[in-house]
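Here the chain labels run A, B and C in written order, and each chain numbers its own residues starting at 1.
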Amino acid sequence: MGTAQLILMQVLNTGVIIGILMLVTLGLGVIYGLMDVLNLAHGEFLMLGAYGVVVAGSLGLGSWEAMLVAPIMTAVVAFALEKGLISRLYRRPLDALLATWAVSLMLSQGIRLIFGPAPQSVGAPIQGAVDILGLPFPKYRLFVLIVSVVLTLVVLALFRYPTFGVKMRAVFQDADMARCLGIRAPRIYSVAFVIGGALAGFAGALIAPLVTVEPTMGAVYLVRSFLTVIVGGVGNLIGVVGGSAVIGGAEGAISYFSSGVWAQVAVLAIAIAIVRIRPSGIFSRK
Amino acid sequence: MKNLLFGAAQIAGLAVVVALVAFGFRGDSGVEQATLWLILGLFAVSVSLLWGHAGLLSFGQAAFFGLGAFCYVWATTDTLFDAPIGWNPGIFGLLVSVLLPAAVALAIGYFLFYGKVVGAYFTIVTLALSFLLSSLGEAWTSVFGGYTGIANVPPLTVNLGFTTISAEGTWAGFAAITVVLAIIIALLRALLSTPFGLTVDGVCDNEPRLQHLGMSVVKVKLVTFVISAGIAGLAGALFAAQSDYVASDMMGTVLSTEAIIWVAVGGRKSLFGAVLGAVLVRGVGYVLSGIALDYWTLFLAALLLVLVLAGRTGVVGMARWLTNKMRAGGRAAGTPAGEGADGAA
Amino acid sequence: MLLETRDLGVRWGGIWGLHDFDLDVEEGEIHGFIGPNGSGKSTLFNLIIGRYKPTTGRVVFDGRDLAGLDPDQRARLGMAVKFQITNVFAGLTVMQNLLLGVIGPKPVTSLIFRGSKQKRAHYERAEQILETIGLQEKRDDVAGNLAHGEKGWLEIGMALAVEPKLLLLDEPAAGMGKEETARTVELIHRLKGSRTILVIEHDMEFVRAVAERITVLFKGGLLTQGTYDEVKMDERVIDAYLGRGRRDVTA
């Protein structure tokens, strides 16, 4: 392959990273912005989504059905988690960190107990490659890229949508005021949390054929997502998109030149530098 | 002075009890394991200092533990560091294992604390750093031994000219570690009873208030962070010397969060509790195996969850709370405000 | 002139919390600040102690421009504050609270190596302040369990422990009953002379009892200055309070 094609491939792969990162971070960022809760179990939602596909597969469902069932399963878990735990941790960020970390451990350990530590293999629903400018690029990867970007845009649009979106933004800005206006904040929190979890679950289902599916797979995405939130800015969704582009893009770009680990090191360094220079994130309005 | 001796005696007592129990279960190899638990207890002490006392929750303390372990290996096997002539390589190794992590902590802490990275942000950054370091360790095989790690670590021996003290034997090793542990705990207790110790409590309780009283809170946090890293490094080195083995997953988040559980179980503010927590958790884990061990981990995570929600401070905290209640009887003795991770309400 | 502000102002978004603020405070003065809610009184204090960064202007303390100085640096120069919402070390005892005030301005590393003579000196100083604020019986009580008024005095005590040249009290009588308020007035009188004191208060009787000069703020700006009697008669001041009367009821 020529250099141009190598670069193109890297760009497309980076696009996949960014797309998935956006889906995962949307949920995380919204919850953090709304309730000051950093959910360290968020990576596990992604993991549950991937394992959801495994379970659906073993129940005889096709790949496509599995991809729709997985996020629903994750949404149920998210709902239970929010009602049982998260709702008690609003405005208690440090306690939330520890508690959600404990949940994350419980979830990954639980999955490990059920499925064993060995990686599961998941087949891609779309096989074969498509020709882009002379480069054979896996169709499924392209599919993931397109779907994740589209879905992100849909969710962003949802936030602009009159009823729900405006209510959400009101609660975002000033929860007490919103309550005075009759908006039921707890309901909004719950819905937001579940949607966030479902998105992460869907992301997990999407990438299940592409990565190693094992109980601790969520950790990498968690770290990336947090860096994205910190860099992109808390409190607005443009920040999530922008931050994903920065973090995902940096990792993709740097891993073109050196190994994955050094890329992670560099990305972390960049993220910390950005936080020092602009503590509330690049795209925040503060 | 009495306070210090009491602290040292307490720990020594605990150590002896644990060793005897372990001996009862599995003989000599039980005692060897128990020695390792005590070393991990030292690591837990460093977490208690940083988190329980200063209120800084770090998911990356094991990075210093692991670094210390590697420093000891590098120094004693002449891989990266050469011991100066005439120096005992073991002692030199211990020295490096305290100083290097402390220096790294100084650099990181300086950057983070002066950069006003605090609270939850600080915790997340430590999580990311720890993750990174263990990935780095796995990838950089020549230095860190990759996934399988480095074995055949020389044990600790001190040559006094007329005789050699070696920590090689089972009971000799146990004794040496117990002595070190007791000394460190005594020193820490001394530190915490100085006015500096009070400022550490102040930073945990109400940092802005302390700042407006003229205290450089950044320095307080930095000093605590560095000391805690040094102790963790020492623990790592001792672990390497006693267990004959180091690997890069010693630097990772798994060990870091385990230590948080130990401290949460034993009592966040109590140094003794930290050791107790480590010994208890590891001890039970030793006796179990296979599936039961996996369930044990699950149980511990659930326990952490319960402890966080309840805001109580673990075994030692509950014991103190109970004794206070009994002593106070009817009198309102005023228990300290709930020690949830966020500090005073 | 112990404290001066020139053109001091701070803006958030489109709103000026404080603007064009010029202030002169003499050494040894007790200076009161009044004004309706939102007029910028606490903002002024926060700018002086370094909690907020000014958008315009500067603060000069003891001849020194405070620009760029962190709150702890300013405190070490000799200023101490009691906050509007009582702010003590809730998990520590009263004695420990005061001790932290005593050692607050000291260099951190020196605190590790304090000998027993120095420690005793700390304790004695803390005891003195304990007497001044009248909380001797509560010495070993946990600060979080104190009554509201007692917490306020404790905070004043902590501020005193720093041995400040300038003491800023933000609503020291807030939430206090008649008796406690009287005690607070008396406390402030006892502190007079050795220090310069700035007091924000809503309670007009309180301000009249303690302050020599008064600055009135309105909508982030300086409305007028003078003695209590001068200010009381000023039309603009009466307007500003919109007929709420000259004796404001404490919250």
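Simple rule for what comes next: a residue touches a chain if its C-beta (ideal position, glycine included) is under 8 Å from a C-beta of that chain, and two chains touch if they have at least 3 such contacts.
Fair warning: this is a prediction, and the values are worked out from it, not measured in the lab.
The central chain here, found by comparing per-chain C-alpha centres with the mean of all protein C-alpha atoms, is B. Each chain gets a centre from the mean of its Cα atoms; the one farthest from the centre of chain A is C. Computed centre separation for the pair chain A/chain B is 33 angstrom, with centres defined by C-alpha atoms. Computed centre separation for the pair chain A/chain C is 48 angstrom, with centres defined by C-alpha atoms.
Rounded to whole angstrom, the centroid-to-centroid distance between chain B and chain C, based on C-alpha atoms, equals 42 Å.
If you check the complex, the residues on chain A that touch chain B are 38, 85, 88, 92-95, 97-99, 101-103, 105-106, 109-110, 112-113, 219-220, 223, 226-227, 230, 259, 261-262, 264-265, 268, 271-272, 275-276, 279. Residues 191, 194-196, 198-199, 201-202, 205-206, 208-217, 219-220, 223, 332, 334-337, 339, 343-345 of chain B touch chain C in their complex.
The part of chain C that touches chain B in the complex is made up of residues 49, 70-72, 75-76, 80-81, 87-92, 96, 99-101, 103-109, 111-114, 119, 122, 141-142, 144-145, 158, 161-162. On the chain B side of its complex with chain A, the touching residues are 57, 59, 111, 115-117, 119-121, 123-125, 127-129, 131-132, 135-136, 138-139, 253, 257, 260, 264, 291, 294-295, 297-298, 300-302, 304-305, 308-309, 311, 340-342.
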